[in-house]
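Several structures are given next for inspection.
Both complexes below contain chain A, partnered by chain B and then by chain C.
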Partner chain A sequence: MTSIILLSVFGIVNLFVGFLKSKKILLPLALLFLIVVFGVNLLGWNNTQTYFNNMLTIDNYAVAFTGIMVLTTLLILPFSQSYIDAEDENLAEYYSLLLFSLVGAIMMVAYENLIMLFIGIEILSIAMYVLAGSNKRSLRSNEAALKYFLMGSFFTGVLLFGIVLIYGATGTFDITEIGAANVMADGTMNTMFTMGLLLLVIGISFKIAAAPFHFWTPDVYEGTPTFFTTFMATVVKTAGVAAFYKLMNAAFEGSFTSWFPTVIAITVLTLVVGNIGAVIQPSVKRMLAYSSISHAGYLLMTLVAFNDLSENAIFFYSLSYAVASVMSFGVLKLVEDAREGNQSFAAFNGLGKTNPLLAFVMTVSMFSLAGIPLTAGFFGKLFVFSAVIATGNLTWLVVLAVILAAVGIYYYIKVVIAMYMQPAGENTKVPVSGFAALVLIICTILTILFGIAPGLVSNML
Partner chain B sequence: MITALLLFWPALAALLVLLIKGQGAKKVAFVAALVEFAIAIVATTGFDAASGATQFELNLPWVENAGIGFHIGMDGISLLMVLLTTFLVPLIILSAFKHDYKNPNAFYALILFMQTGLIGVFVALDAFLFYFFWEVALIPIYFIAAIWGGVNRIPVTFKFFVYTIFGSLFMLAAFVYLYFQTGATELAAHSSDVQAFYQLALSAESQSWIFWFLFIAFAIKMPVFPFHTWQPDTYTESPTQATMLLSGIMLKMGIYGVLRWLLPVVPMGVSQWDELVLILSIIGIVYGSVIAIRQHDLKRLIAYSSIAHVGLIAAGIFTLNEQGLQGGVIQMLSHGINVTGLFFIIEIIYRRTNTREITSLGGITQNAKALSIFFMILLLGSVALPLTNGFVGEFLLLLGVYNYNAWFGAVAGLTIILSSVYMLRMFQGVMFGTKSEHTEAFTDLTFNEKAVLIPLVIMVFWIGLFPNTFLSISEPAVGNLLNIINR
Partner chain C sequence: MNQIPEIIRTVPLEYYLFFSTALFAIGVIGVLTRRNAIIIFMCVELMLNAVNVLLTALASYRGDATGQVFVFFIMAVAAAEVCVGLAIIVMIYRNIRSTDVQLLNRLKW
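And now, the complex of A and B:
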């Protein structure tokens, strides 16, 4: 709760600091704010508190995922160097919007009430609609914002409709009470309840870019300035998956049989579409967009497993995925800034020679996303697969995921090949600011650390 | 503790080497690899060869509360593999001394880093740890082959990388499944320890498909026919040092994996499929040999001969009798030594003539007496002449296959004839006859080249004349293995 208040206040402070002539202070200030929030958030560990008549609960689950999201934002901000350098960018507003959307993200992992879930999603999304279109002079950015906004509002409508139907069936918005409500009549599930549940699942699937509700993702990710794409691919996805799991776990555990077929179909479809789609993408950014769809699929596998291993698996996977995404999108942003917006694989040619550090970071990130040992991504996949196999009768899903993970290696390694094995040609050295280099090194260390000693964070929940 | 030292010293040395600019890196790497060999020797002297037990064990929790341990240790089979690795790596580094690779620090650091992965595979006693090192060994060799390799290196190594990872992911899935079968009564009591896997009592049906999940991973690595398609191209396109690492040590990972993680874990699965595996292996022997006879490129020729040799090892191991298993273990050593030596000799010839085509070579014996002798010895070791190392292994392996099924033994025995054909044909074409324009000014071995070849040749004779030095180390461990399989 303190973190929500602090973030809101800091966001406003940031706006006012934006009136100052110098933009130099904005980044350190925002980083400081986030460090404070990160620390304050940790104080809530093992100290469950509820607020607003049981509308929000800050428990370990909320603290853990808030931790991931704040940390990710902290790691993303230093990549805004190009905005600091540019005269006419509204840096203070961008930072404030990011802080505000974090408020929404925290509400999405701490809600006890469907209304709070809805509000959280809206707070998060509206900021993202604006940021998607923040490059006002770019047609792609405008297209991305419009697409994201139209599709987003439509699916928010679907979500809200679902909430209403659930309310109609159970008479409550509280997720624990929904879980306890008797929705069976004469041995069959209440139709209104089932419909509401389905619409809720669809609404949230859109937010985490799960197939078949993923069509917006590649275009929006591509059009949005890379700096904000990073945020979309990490914080928004983490919040969405955490909210999804919390919802199913608290409110719909009893109706498992009625949502399980839908969720498993979405999962399989997401895995297939994400991995196969990424293979044929000509640009690294679109490849990463499809790869983020595939990661939504892996995360959804924990929901399919739905056992006591799921929570820790989601946590570890989200963390490893978020850190690796910061690295990959971060390097992509630096590279495209230096190559006049070129996001193709060719833009990475010879990076191993011109920028050994960036190439190494990108390699670690690709390996982590692909799930190759020595990186956190390996244990992420291992924990997810473990959770699914522990159910005992879903081995086929793991086999499918394994085959698709092998497909994933195909497209991730393409970047590595471009960096180390293609000649640099006309590609010159990419300038890297000190802050960005520091963040990339921290992320690399974290990825390898969690890849060697996953026990540090794998059993937190 | 000494196992941990063996495991981490190369990785530490790799970091050190990475910091050294220029060609000094190779010297540091060489010294580091020698130190590693010395550690392995110390471990061997402290090893109680009479006992089949795992020694120098270290078991620490790795992933807390999940039963996944950092469990390492060595029995006789592991020790021999570790000795092979630590013996070959310094020679492989030494063999590159006259070749100035670009970015030498990265090149040698990757070799040392790979050594950690290889040692890790051979000493890991926890399934996930094994898988971890299995992939750790792959990443450096991919980069070595793909950055410093030949013209077609990018698509070739790409296929190699994706293919092997594809296989190993199945192994991972199988391990996860097995992990959840342990401690079935209590959910929290799962363990991925090798002993826990050995105690599993799975149904024949699940053993059957677990067998394939594991076998595909190991078969791709070895490679067994028909999973070999990545191998000839990768061997040919890689720089020689990578080829030596791949053929000398890395393919032993696959065989070792079968010994440690396949035969004892799913014995019933093995007994359902062993005949098919033997048939595949024997097809591999004949197929590899016949194609080797038709090759003109020396590196490709040895690559195909390697498929034949590995086929025989695989066949022997899957007979599940003591001769076959012991023969497999000793042949892993012999093959590692011979194939490393042969690839180095090809490299020596290539350095002087810039060609690997048999037809453009010839008459080298006239200029290079020493090279001819070394080449001949390694070649005879490879065709299993008595008194050389190849004889001991192939004899035991064929005996094992013969005991399993006399017809299989007869067909597998063709390897002796066929390997003489392609090896001697190669020797004849390259070393005898009239000089070609490429071999006109051929110079004999340098000191550095001799320094690599002499230890290898010593080992050819040592294993050939006194095989018991090595057989006695692995015998109790193989006995243990058979007890677990036949329980």
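And now, the complex of A and C:
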């Protein structure tokens, strides 16, 4: 709760600091704010509090996921160097919008009431619509903003209709009370409840980019400036999956049989579409967009498993995925800035010779996303798969996921091959700012550290 | 003001349910078939208002104020969405002099 208030105040302060002529102070200030929020958030550990008449609960689950999201934002911000250098960029507004959308993300993991879930999703999304179109003169950015906005508000309507139908069936928005309500006895109410549940699942699946509601993802990720794509791929997805799991766990545990077929169908479809789609992409950014769809599929597998191991699996997977995504999108942003916006695989040719550091970071990130041992991504996948195995009768899903993960190695390795095996040609050295280099090194260390000693964070919840 | 829920209750609940489902369906069909960004946007608003109607009716029938409070939240959020949405549409109109979504095809799967 304190972190929500602090983030809102800091966002406004950031806007006012934007009036100053020099833009140099903005980045250190925003980083300082986020470090404060990160620290304050940790104070809530093992100290469960409820707020606003039981509408928000800050428990360990909320604190852990807030921690991931604040940390990710902290790691993303230093990549805004090109905005600091440009004269006409509204840097203070971008930082403020990121801080405000983080407020929505925190509400999405701490809600105790469907009203708060809706408000959280909207705070997060509306800020993202603006940021998707932040490059006003680029038609691609415009198109991404419009697509994201129209589809996002459409699926918000679907989500709302679901919430209302569930309210009609149970008479409450509180997720614990919904879980306790017995609606199965009455035929009409049961139909309303099932329809509402289906619409709710569709609405949230859209937010985490699960197939068949993924069609916006590649287009929006590609058109959005890379700096904000990083935020979309990490914070928005983490918040969405955490909210999804919390919803199912608290409100719909009793109606497991009625949502399980839908969720397992979505999961299988997401895994297949994400991994197969990524293979045929010509540009690295679109490949990463499809890979983020496939990671939504792996994250949804924990929901299919739905047992004691799920929470920790989601936590570890989100953390490893977020850190690896910051690395891959961060390197992509640095490379495309140096290559006049070229996002194809050819832009990475010879990076191993011109920038050994960037090439190494990108390699570690690709290995982590692919799930190769000694990186955090390997244990992320391991925990998810063991959660599914523990259910006993879903081994076929794990087999499918492992096969598709092997497909994933193919398209991740393509980047590594371009960096180390291809001649540099006309590609010159990529300039890297001090902050960005520091962040990339921290992320690499984290990825390898969690890959060697996953026990540090894997049993927190 | 006390009698407004009673007036709402003079119509059976099923009617509200069918009415708002129909309104919602019209909105969905509009979003899927129209090409003008502003009309698509209007259809989205229609969907949100279908939700509002149903919420008000359900809250009156249950004698529970929570549902009606939620209507205010939806209205406020819809207003914020209108701001951002119209700004995005104006930005696009400035660049391509049209609000036809079919002209936006630079990004393809």
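Following the convention adopted for this analysis, the second predicted complex is superposed on the first by the 457 of 461 C-alpha atoms of A that agree within 3 Å, B and C clash if a C-alpha of one lies under 4 Å from a C-alpha of the other, contacts with A are read in each partner's own complex, and residues count from 1 in each chain.
Everything that follows uses one rule, which is that contacts are C-beta pairs under 8 Å (C-beta built on N, C-alpha and C of every residue); 3 or more make two chains touch, one makes a residue touch a chain.
Note that this is a predicted model, so its numbers are computed, not measured.
Once the two structures are overlaid, the count of chain A residues touched is higher for C than for its counterpart among chain B and chain C.
When the two complexes are overlaid on their common chain A, residue A:Tyr167 makes contact with chain C while staying clear of chain B.
In the superposed model, A:Met189 lies in contact with neither chain B nor chain C. Judged by the touch definition given at the top, the superposed model places A:Leu139 against chain C, while chain B stays out of reach. In the superposed model, A:Phe149 lies in contact with chain C only, and not with chain B. When the two structures are aligned on the shared chain, A:Glu222 is found in touch with chain C, with no touch to chain B. Contact with chain C, but none with chain B, is seen for A:Val130 once the two complexes are overlaid on the shared chain. Once the two complexes are laid over each other on the shared chain, residue contacts for A:Ser386 go to chain B alone; chain C is not touched.
In the superposition on chain A, A:Ile115 makes contact with chain C only, not with chain B. Within chain A, not a single residue is touched by chain B in the first complex and by chain C in the second. Chain contact summary for the complex, chain A toward chain B: residues 367, 372-374, 378-379, 382, 385-386, 389-390, 392, 395, 398-399, 402-403, 405-406, 409-410, 413, 417, 420-421, 453-455, 458-459.
Chain A makes touch with chain C in their complex at residues 115, 118-119, 122, 126, 129-130, 133, 136-137, 139-140, 142-147, 149-150, 153-154, 156-158, 160-161, 164, 167-168, 171-173, 215, 218-219, 222-223, 277. Every residue of chain B that touches chain A in the complex is listed here, in rising order: 61-66, 128, 131-136, 139, 143, 146-147, 153-154, 158, 161-162, 165-166, 169-170, 172-173, 176-177, 179-180, 187. Interface residues of chain C facing chain A in the complex, by the touch rule stated above, are 17, 24, 27-28, 31, 37, 40-41, 44, 47-48, 50-51, 54-55, 58, 62, 64, 66-67, 69-70, 73-74, 77, 80-81, 84-85, 87-89, 91-92, 95-96, 101, 104, 106-109.
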